[in-house]
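The next part holds the structures, each set out as structure tokens.
The two complexes that follow have chain A in common; it is paired with chain B in the first and with chain C in the second.
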Partner chain A sequence: MSHRELEDMLGKGWRKPPFVSNPKLRWSLILGFFAYLVAAFMTIEVDWGRVYVGLDRGWAFILAFTSPDFTSRASDIWDGLLESIVMTVAASVVGILISIPIGLGAARNIAPLPIYLICRGIVAISRALQEIIVAILLVAIFGFGPLAGFLTLSFATIGFLSKLLAEDIEAMDKVQAEAIKASGARWLQWINYGVQPQVMPRLVGLSMYRIDINFRESAILGLVGAGGIGATLNTAFDRYEYDTAAAILILIIGIVMSLEYLSGIIRAKVQ
Partner chain B sequence: MPVLEKGNAQTWRRRTTGENLFRWFGWLIGVAIFAVCWQRISEATTWFFVWDAPRIAGDIWTRATPPRWEYITQLGRPIWDTLNIATLGTLIAICLAVPVAFMAARNTTPSVLFIRPVALLVIVSSRSINSLIWALLLIAIIGPGVFAGIIAIAIRSIGFCAKLLYEAIEEIDHTQVEAISATGASRWQVMAYGIVPQILPAFAGISVFRWDINIRESTVLGLVGAGGIGLQLSASLNVLAWPQVSLILLVILAAVMISEWVSAKVRGAII
Partner chain C sequence: MLRLEKLTKTYRTGDRALKEIDLEVGKGQVLALIGPSGAGKSTLIRCVNRLVQPTSGAVWLEDTDLTRLGSGALRRARREMGMIFQEYALVERLTVMENVLSGRLGYVGFWRSFLRWYPQSDIDAAFRLLDRVGLLHMADKRADELSGGQRQRVGICRALIQDPKLLLVDEPTASLDPKTSRQIMRLITELCRERRLAAIINIHDVALAQMFVPRVVGLRFGEIVYDGLPTGLTPGKLTDIYGEEDWEATIQKVEDEDVEEVEAAE
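The block that comes next holds the complex of A and B.
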């Protein structure tokens, strides 16, 4: 058997199939992507001299993480953190309480059409507006302080929690709810015994997750004057007190990590 | 099954008396904590401003409407910058997130004892700090501008992408990996032909999802000076040019909705 025949018998070697199977679409995507990259790089102005000068400061900041300064601004840090935690707790409680009825209203299999549309509208508005923009507007309206932050976080919680709760209710098992209804339950009893046990584990899990998010968000609300640790952090950066800033960041990371750990335990227990 | 005995009759109850007491005690503590938090917020609030809020809100509304439409000609460049911050930031982030994810996944990490905790720490610290704070930090280090925004978005996104990606890697089908290694493939070949094809759809979905979130976040990065449309927003807010503010908010809203639509379409096509 000649070499030629052997190659014919073996046929073509196997090749990895491409991710986008249509070759025209694939090449136009690749070309468009590179065209965009070139356009983007042409228009970005980077002052490399300034970046080079700043590298020392960046290094100083990284070094500050090895010697964070918790003590010299201890009272400011403590006040800021406490305010953040207070805002988180209050906003989570109020947000969760309000988002439960809205979540019920935004589930198509429970709510009649007009209520459904109103609740979906509220959810859409709350999700489309960003926390920090809401905070700016609320600070302009209600004045500086944690009340604006509290309202912002509550508002953001409603959009997040209601949407996910409504999706969970829409995906629930209809048979159980029907069985409760067949026993002659009133509407509240129906919700309490037919719907609530099915969505409760997920509601608890989502609430824990939202508390976690609320704490993280509360750390930035101070930048626009809505209370919390953000104002302290901003001041620390402005004064180039990197060791204090590092201490605050370490505290935030620590609290978020412990919250995540706690929510993991609670979620495992509920489910 | 907990039952209540009254005379000879037995009635079904949901919980025993001890459980009920425990629950009431838990609720009591919860309500007490909320009351304390609310009191602290209330102390830090100037209630006079709050009672005055409806009038102020109406006042801002009359000033902000109608939006100053001709200002839109000056918003082209900031929108382009915002798009660049989000897209380039996402690109850098996914390039860095892939190795981190492979190091963090239990089944691909080189060392569970030493490298995995480091990768997890990178993920947690990147995730727990908001992109605005990263931007604040980077502006102090490398100066204000689009570049700081790109890096801030990139750092913030690494944790998110790496976390979702390493969870996807841990959930892969092991039989395919075994089949590839049974053919005598090297470690890298197993990676390329056994693992990567399985996580590619998840990877593409995560990237697009994060890009959508990043568009949202990069619209406000300018508030701290990191480029994009937020710069115009903060400049207009500082001079109380409310008609411009309302126009910018409308543009941001449109950008967020378009990016959400694009991301939903692309994810729908992939999955």
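The block that comes next holds the complex of A and C.
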């Protein structure tokens, strides 16, 4: 097959070579996947009696959205919301500020190996620990309240933003940065002129996205006692006050949507 | 002024890009480096300002051996060498003015450059250069709004504002149309003459090199196989550099173009 004559190939038809070239292996992979899928679905146990009972409760919850109650717990909602916003803003600012140097260090094309390994290590630790787990730990250390939430979100922001920033730096156009280096620029000047303009739109976009995530997370962190609107939401659920819970959820949805809209505008501006 | 001594570069893959190159460039001398792709042209000029680290040999810029400099001294030495790139290598999201002023980064401190607060003399120099290349009205445009030829002219300004002794020019016309290519080559050679700058110009367009440059060096497989006048590039010599091909048409074309040039000038 090494030397192929044109005459032999004409009229033969052509197919894209398959990703897995061995047909036996290819078909056993495909069949194995479907067999696993079927087996996996069969292990899910559904208690239909329980679902039937639960439907009513679910329906009550959904109905609550038609009559959300913003008023009777207004001051609780307001306090919780304010706490969440403060937590989000503070954690995002601190997290982003710390992420930038770590992101620079975690980019292999600009950082020397020891620094790269340290920064990648920090990123890996931050990403390996889920927010809820970190929050539980920090609540245990600092007690209930927004301080634990703020620290959790800052910590989570570092893992997220550093990693994605580092990847953007690694994908930058090398020649533009090289041109700045060739002028005799110092390292910081090189970063400021050669690297920063290339990654700035992505950094701004990611930061906006992270603010969005942090706000949503702040609603979850309340469930483990880390303060914010989540605490208020949790209380409402505990008291079966679905109409208040609905009001809180509507507020969260509204804020997330307006953040999304805002980030769209900002990202268009910095392109 | 610039002297390469047994300059050798072996890449980690084992490719010997440069094999003991000896080359001397005098003050104010403009030299074209020709040769096929992969002959080591880019590696050679990048070894001079050490964007690529040479494996052995020496690069003397006046009385300094550039290959032995530490990072601080290298930074100061790089100020003396302006570089012009193939794909312009402007920082696309910065303005034209920022790109030009970035040539002064080796001379200003971090905070000045960070705040874009350059000394008035630098700003004036940038305006003068932009005016010289006919782009003064574009000073506040973003670099990615410019056409190829305009970008390369900004690239030239960025190299010249360093006030260098030597220009390293890497395929300046590779992504430009024939007319713009000639304009850019003419501009580079004119500016070198005005400022008595030495230059090494990598170029793969033989005809263009012959048209503008008084000395041609041919590189093949990391070795110098020709060094002389552009008129000495006979078909035999071109075969030495590039390999077997019918060269009559290339040389013929140059002569025709020279006639055109003269006619146009008249």
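The definition used in the following text is that the second predicted complex is superposed on the first by the 220 of 271 C-alpha atoms of A that agree within 3 Å, B and C clash if a C-alpha of one lies under 4 Å from a C-alpha of the other, contacts with A are read in each partner's own complex, and residues count from 1 in each chain.
The rule is short, and it goes like this: a contact is a pair of C-beta atoms (placed from the backbone, for glycine too) under 8 Å apart; a residue touches a chain by one contact, two chains touch by 3 or more.
Everything quoted here is computed from the prediction, not taken from an experiment.
Peer 1: Comparing chain B against chain C, which has contacts with more of the residues in chain A?
Peer 2: Comparing chain B with chain C, the partner touching more chain A residues is B.
Peer 1: Have a look at where A:178 lands relative to chain B and chain C in the superposition and call it first, second, both or neither.
Peer 2: In the superposition, A:178 contacts chain C only.
Peer 1: If you stack the two complexes on chain A, which partner ends up touching A:237: first (chain B), second (chain C), both, or neither?
Peer 2: first
Peer 1: Classify the contacts of A:83 with the two partner chains as first (chain B alone), second (chain C alone), both, or neither.
Peer 2: Once the two structures are laid over each other on A, A:83 reaches chain B alone.
Peer 1: Contact-wise, after the overlay, does A:264 reach chain B, chain C, both or neither (first, second, both, neither)?
Peer 2: neither
Peer 1: Figure out whether A:121 sits in contact with chain B (first) or chain C (second), or with both, or with neither.
Peer 2: Neither chain B nor chain C is touched by A:121.
Peer 1: Give one of first, second, both or neither to describe whether A:19 is in contact with chain B, with chain C, with both, or with none.
Peer 2: After superposing on A, A:19 lies in contact with chain B but is clear of chain C.
Peer 1: Determine, under the contact definition given at the top, whether A:189 touches first (chain B), second (chain C), both, or neither.
Peer 2: Second partner only.
Peer 1: List the residues of chain A that touch chain B in one complex and chain C in the other.
Peer 2: none
Peer 1: Taking the touch rule as given, give the residues of chain A at its contact with chain B in the complex, in rising order.
Peer 2: Those residues of chain A that touch chain B are 16, 19, 36, 40, 43-47, 50-51, 54-55, 57-58, 61, 82-83, 86-87, 89-90, 93, 128-130, 132-133, 136-137, 140-143, 145-147, 150, 216-217, 219-220, 223-224, 227, 230, 233-234, 237-238, 240, 245, 249, 252-253, 256-257, 260.
Peer 1: Sort out for me which residues of chain B touch chain A in the complex.
Peer 2: Going through chain B, the ones touching chain A are 30, 33-34, 37-38, 40-42, 44-46, 49-50, 53, 56-57, 60, 80-81, 84, 87-88, 124-125, 127-130, 132-133, 136-137, 140-143, 145-147, 150, 193, 197, 200, 204, 216-217, 219-220, 223-224, 237, 249, 252-253, 256-257.
Peer 1: Residue numbers of chain C touching chain A in their complex, please.
Peer 2: 49, 51, 75-79, 81-83, 85-87, 89-94, 98, 102-107, 110, 113-114, 155, 158, 162, 168
Peer 1: Using the touch rule from the top, collect the residues of chain A that touch chain C in their complex.
Peer 2: It comes out as residues 173, 175-176, 178-186, 188-190, 192-194, 197-198, 200-201.
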